[in-house]
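Each structure below is given as structure tokens.
Each of the next two complexes has chain A plus one other chain: chain B in the first, chain C in the second.
Moving on, here comes the complex of A and B:
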């Protein structure tokens, strides 16, 4: 019995113990970790030689100042890893029992409680600094965009490049709606409706943006009846350029200079709710008959047609549905940055969205969430490297593509019930 | 009339650059059924390579290593630059194939498109890091070769423009003949026809794939020189701006047809120049891409491409 074997034994025991913890336990742990950070984070960070609480798990800090690597790691261990694992382990029996009890009610109850815990965690975590707050909101929006692109590229197997265009349409529509109606603006004049009413109509603005995007998706969906794959990729690419160029030429909404002055209504709860709604609806959609029809169209259009799948309807619905969510995400994005210009929705955006989809995994809701989150965290934390960031991220993506050509977590069904179930033998 | 003729000349010049790049996209697409999204940046690398080669050759000239009258010297430098840049750039293309495409040949096609995109970003960023954001241009002596315009029916035309257009047409013709007449070209066409059976007939597909990428990149380098001579300023993002439009031209032309793609390149040049000539130039992209969208909606396989139902390997 060497030290190595002992370590191995402990490691497997630890893993075995942690594998018993249900999601509820992990969420409780995360919540506690965030509370711990709020209470002792700042003094601990100073004690470890850092000027303030590391914003993104110390990744940025490590790159900026390699001397701080040990203290950043220690901070992450002490503040995040230790409490999370400890709580998850200690509460395992209790959390399992509670989770089982919750599942006896309608599924919604359990989901709402879990989401409330998750939201509380995110709220407290992002309350520490404005930077975190922004990164979190951008990440949530990126999740929406990635999911909606995955519907077309992953589930239906088309290579669509039009998503930045849909986002632009959603962003501009929602912005024009809110700015014209509720904001005193140089271009559009005084508000038409009392601004106090504004936040309540924000969902209408978002949905309107989504609908406009969906309507425009007809331009891509109708050609897709006759052609597939490569030519459709080009059609969607042309669509993206057309939309970008259109907004550059529309002086009413500021042309290439862009449109600003959006009200600050896309707060964390709003973005969080939208993302949850998006994940929930898209997950239900792809598991419905229509969703399976999309898979059938992807795997063999002729065969699907022969098996009574209405391929035209399927394609149409998939494109419009994906475009709708991209439009909603665009509307949110416009109200987070509080400024949009056509240059935001260019090829770089396209490359980013595609990267998130293919990094996370095709045909998978979890993959999209993981892909968008990882990509955003990575891209934020590599910021101190400046230009080198755009070497490291592509290299990582190429490696992922070479070793896992369909992405990290591809072709997985996402079932909410199994996620929330108590773990372990009972 | 003279205005019209002037625009035609401008369009031919722009179109020849588009066509030279588009051929590379189309060849890869025709033979391997994959998009080489790094090709626009390979074009950029070609332009920078020729910038360095020409600067180096001119420096050799001034140091007196080669002593020739200046006119002959400049011409020689231009031709040598063209040849060396085409040669070197073909290796860049082959590297792209080896790193980004060969490992993914059996993977879903979209994954290979992603690696191509990412290699493109690496090339751009690498350029930015190595050379800085400073813009480059070819030496003034080279740019001023044949830059003295002469009048033809009221339009002022430079010999340079004619040279660019002729060289690009010549290169495309050579490539067309190569693809149609040579054994290697036959192997390439066979691979485009059936990707699975052809290796069984003893055709080395890896070599053919390398050859395809190499030829396309060589032509892209020629496009890079033309671009540098005609539009002067080289910057790291020129590949993105020009590459994606050429990609559209490649699709318009049809799968794997060199002449079709050449024509589509010129067509795109014409659309862009004439839109800019008669309407506000900011509308250029809008109208050009709307026309592309219309063409593809009603003629989904391009001008010269045969209707071919692409089997998605996902």
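Moving on, here comes the complex of A and C:
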């Protein structure tokens, strides 16, 4: 009993101490952890009997070879958990003071510094292997898609199924733009513009992809927003299939074989910046009174109408806005895989995106980030289980639905200032 | 010129005549009541004037401009605020957000402001917020501003609806049974709020009510609606003594 109580005491003390650490401290800790991994990760992994650094926090290794479970856990503890917590704890007073000082400048300064730390951490972490680099970029893109779908399904409470279609449109538009203009390609011939210009026009390609997706969203929005109900779900599902078969039959862009040869411009910094922009803009929107009109439409359209809200316009804007970001994410995805085919944007993709939205939490920016990240990391880590993966993930989803019907972190406002503020007594 | 004028409004739901040859004039600052037995079409009259339904026949003028057939949000932004018989609050939103959102038609920052958080947006949002706090103060629930509405007791929810309707900055306020489901104490509070709103903001009020005490105390003029037709119109005193009204409505209630 004595030992247990002592442990409990220490545990609560530890938690109390760590709760005082501001985000700045945690980011510093994470940065240190990845530096430690770079320096001693490989020898430590070998010392623990693993052939190489565990790619994604060791879960894959444990599943492949249960004998390595203790080593994988030890590795995660020593490399990640310990340094992160230690730094967060040790720097608490200092980090709190710095965080408070930073907030005296415009909020932007604080944000940029935090983002720089975060980026440095991600950059170093993903530098260890190409696999990590890819997983990270896919995850960031998934965050964009999830968040944009959350605008429609969560914030506005409609059920849309057309996101893979919007992604496909964005992916193909951006790909055709970059490949035709800047790449020597069998199908499209020599580049029309000097390739050196290319990277600077990449944002245009992405935005163009987003705009095409948004424009096509009108086709779904105009008939389905005349009334409420299940129309959107049905029409948007049909739209998704139409887009897929459109690209399957469009030989100009490769038909079912797909379109390759995209330039390698969707590097980590580019994807990171796009994700940050996406989160920032969507968060701005959903927290404005114009954006809250979506919630009013969801919770009671009649009342919204009577309170001067133009409900039809609100629904249109939200839907087109979400489609735009799905298009941008699709464009990025095409340039990460550097190949697109219509098969990518099928029902399975839809199921994944929906799963991420509902897993993370409706009506919540943080929820979408958490949902997309968890889902992607889990889905990658469970690869060794092969088909059983498709049993475990749905079961997890069902559990979330049973115990938290609106998702892990639902109906939370994401306030950047609160996030960056120093913690504890001031 | 009268503030609100309805001329010979008739409405059919398919083969059912819900409202027949309805006329109404409300002057600025006047409180007018609409009473009648259940199913008489009172709420339908509200819904017709506020644009939820389009009248089959007839004309509606607000401040001399015809508003017949306009969509509800346009009619609302031209100066009609309303509450609902069964509360229609937005269940996931805070009290403050309710009142802020009813300022929707005054927002000028547009999508650019919404997406990028421009200074203009911050200025307008701050303005709306302080106005909303004032309205919450007026109805006596300022301390509840950050609560999610479904967590509030019924009386407070009614007040949220009132504050929200006022945030539309109406010239005339439509109240659909504002004291429904309230205990006598809450009812007195609500009547005080209605009086206060009437006096401080100089609003005209159009009121549907079942409780005679509320109608008789508050209204300067009352219409009695039975099966979609006005059978009597006049001061509370006249209505109280009108045999047709007693027959159709008051008599029944006394017996029950």
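Throughout what follows, the second predicted complex is superposed on the first by the 425 of 426 C-alpha atoms of A that agree within 3 Å, B and C clash if a C-alpha of one lies under 4 Å from a C-alpha of the other, contacts with A are read in each partner's own complex, and residues count from 1 in each chain.
We adopt the following convention: a contact is a pair of C-beta atoms (placed from the backbone, for glycine too) under 8 Å apart; a residue touches a chain by one contact, two chains touch by 3 or more.
As the structure is a computational prediction, the values presented were derived from the model and not from experiment.
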Chain C versus chain B on the shared chain A, clash or fit after superposition: fit
Touching partner for A:239 - first (chain B), second (chain C), both, neither: first
Which of chain B and chain C A:390 touches, first, second, both or neither: first
Which superposed partner A:290 touches (first chain B, second chain C, both, neither): second
First (chain B), second (chain C), both or neither touched by A:3: neither
Superposed model, chain A: greater residue contact from chain B or chain C: B
Which superposed partner A:227 touches (first chain B, second chain C, both, neither): first
First, second, both or neither for A:248, with chain B first and chain C second: first
Smallest distance from any CA atom of chain C to any CA atom of chain B, in Å, after fitting: 9
Set of chain A residues, in rising order, touched by both chain B and chain C: 298
Chain A - residues contacting chain B, complex: 153, 157, 159, 219, 222-223, 226-231, 233-235, 237-239, 241-242, 244-246, 248-249, 255-256, 298, 347, 351, 354-355, 358, 362, 387-388, 390-391, 393-395, 397-398, 401-402, 405-406
Sites on chain B touched by chain A in the complex: 29, 35, 99-100, 103-104, 107-115, 117-119, 121-122, 124-126, 128-129, 240, 244, 247-248, 251, 280, 282-286, 289-290, 292-293, 296-297, 300-302, 309-310, 312, 314
Complex contact set, residues of chain C against chain A: 50, 52, 71-73, 76-77, 82, 84, 88-93, 97, 100-105, 107, 109-111, 113-117, 121, 125, 128, 164-165, 167-168
Chain A residues within the chain C interface of the complex: 281, 284-285, 288-293, 295-296, 298-300, 302-311, 317, 363, 411
